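Below you'll find the structures, each written out as structure tokens.
The same chain A turns up in both complexes below, where it pairs with chain B and then with chain C.
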Partner chain A sequence: MDSENTITKPAAEEAAMAERTRCGCCYRPNVDILEQGDELLVRADVPGAKSDSIDIHFEDGTLEIRAEVPPRYEGREEFLLREYGVGDYYRTFQVSEAIDSGKISANYADGVLTLHLPKAEALKPRKIAVDAS
Partner chain B sequence: MNLIPWRNKRESEGGELSPMVALRNEVDRLFDSFVREPFGSLEWPSWGGGQWSPAVDVTENDKEVTVCAELPGIEPKDIEVSVVGNQLILSGEKKESTETKSKGVYQSETRYGSFRRTIPLPDGVDTEKVDARYTNGVLTLRLPKTPQAASKRIEVKVT
Partner chain C sequence: MALGYRPRHPLHQLRDEMDRLLTGFFGPAAEGIMPAFRNQPAVNVWERDDVVMVEMEVPGVKSDQLDLSVAGAELSVRIERPDTVEEGTAYHRRERPVGPLTRVIHLPVEVDSNRVEAQLRDGVLTITLPKAESAKARKINVVGA
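Then we have the complex of A and B:
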């Protein structure tokens, strides 16, 4: 341990264990959430996950991120240092802003999942024309 | 004593005490991680300053030593791997994207800035043949053992 600033990842407390078919620990990915103009940007660290094993679900203002991570070790090796666990990621968020769920987009690169959540049209400032009759 | 397949020569020179030393080191490591863990889940400020170090797993089998570190969001060109003596040094920088700096931040849990980690390597590792790969945010280093170290297994014959 050469530093007190070693980054670790916490276990997911809200993991829905009943829905999990694989054993092992489930981790809570670290996230950054930013507001960027007309959208919210969520960036989650899910290192080890493959893009096709990431599942994103948005319903009734709840955003759910689930990412499967394949085992990294064969089980025959001896550990000289073991500082983090390898396992699936799970995290949910309550999004208070109205989100246009049809336009949510996501991309994945270098272990970081980026979600773009565009705000619903209703929230955007709008000019209403007054009809003269 | 000589029949015990031991990991390397230097450790066996420590005599009977070395298993105790290994146990003590292990207890120290567990204690350290236990003390640090409650703080590990705290959200770090994202002011980018200060160094951080990535957590690593180091495993060993008959043929090689493997070092795995989770380094999400870091471009492979920003990761530097070097070997000095029997120390493996991982260093680099996680660059803060421009939007993080300029836009409204609701929540920030990831750490930016430069990182550095020194990992002691066991004896008998061929540091000339290190294979480094970065896939989906995971850096994997494979360090093959030297032929002398790889074949240090004593067969017990039945007579």
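Then we have the complex of A and C:
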């Protein structure tokens, strides 16, 4: 009962993550990435996640987002329609811009994670004085 | 992605399919062009003794951007996800759906529309639809002669 018109929830491709203690599918969150002034803004849809179970890691230009989603079903439900699964989210990005990693900030509301990645300050032009000997 | 599906009456299935086709051709997809052509939010529907539960993932949607209506055995959900493009922004990736999303769900039984409850938490919408009195299973006592 799937139609091309229904919004699907893709499974995460990257399976290389720490051993999972819970079985279940891992999903790839939909994201918007935009450039706004002197920062990159990442918005990721992670419905069902709690703010304290979201893990963001930035190292060597790799941004990793992981969000744990607690199970919502008891396993006894008689499903009439089951068009999406519930599970954790995982996605990584290679960020080409130079980012000031100390100033990355994140907030979470209504199932959307917003990340602010400020660009690193460009090296300011300097005038080099020549000493006359 | 249908993980499990209990077959319903073929006529209901046909009606669902027709609804999807019509929405796809003439519905919100025609209103907006970019980027969400896929405009039907996925649903999970399950049944308990006296309620039908409907769940949808609607990240970023506030309760005033949701429009629910129930008539008989039909639930319709309309979601506004406003397009928030600010001036001077360049998108590198744009995957999150925007614009109006609608879905009509045919419930297996009539529900009591006065007692329908909806809850929105962390981007997950859960709708509890109590079955109408007439649709509830009843135990019938057999009277011996």
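The rule we apply is simple: the second predicted complex is superposed on the first by the 116 of 133 C-alpha atoms of A that agree within 3 Å, B and C clash if a C-alpha of one lies under 4 Å from a C-alpha of the other, contacts with A are read in each partner's own complex, and residues count from 1 in each chain.
Here is the rule we use: a contact is a pair of C-beta atoms (placed from the backbone, for glycine too) under 8 Å apart; a residue touches a chain by one contact, two chains touch by 3 or more.
This is a predicted model, so every value here is computed, not measured.
Enquirer: Once both complexes are superposed via chain A, do chain B and chain C end up clashing or fitting?
Expert: On the superposed model, which is not a single observed complex, chain B and chain C clash.
Enquirer: If you stack the two complexes on chain A, which partner ends up touching A:30: first (chain B), second (chain C), both, or neither?
Expert: Touch status of A:30: both partners.
Enquirer: Contact-wise, after the overlay, does A:112 reach chain B, chain C, both or neither (first, second, both, neither)?
Expert: Once the two structures are laid over each other on A, A:112 reaches both partners.
Enquirer: Which positions of chain A sit in both the chain B and the chain C interface?
Expert: 1-9, 30-37, 40, 43, 45-50, 72-73, 77-84, 110-112
Enquirer: In the complex, go through chain A and note every residue touching chain B.
Expert: 1-10, 30-37, 40-41, 43, 45-50, 72-73, 76-84, 86, 110-112
Enquirer: Write out the stretch or stretches of chain C touching chain A in their complex.
Expert: Touch residues, chain C against chain A: 1-6, 8, 13, 16-17, 20, 23-24, 29, 36-48, 52-53, 55, 57-62, 86, 88-97, 101, 105, 108, 120, 122-124.
Enquirer: Going by the contact rule set out above, which residues of chain A touch chain C in the complex?
Expert: Residues 1-9, 30-37, 40, 43, 45-50, 72-73, 77-85, 110-112.
Enquirer: Write out the stretch or stretches of chain B touching chain A in their complex.
Expert: 29, 32-33, 36-37, 39-41, 46, 50-61, 65-66, 68, 70-75, 99-100, 103-111, 116-119, 122, 134, 136-138
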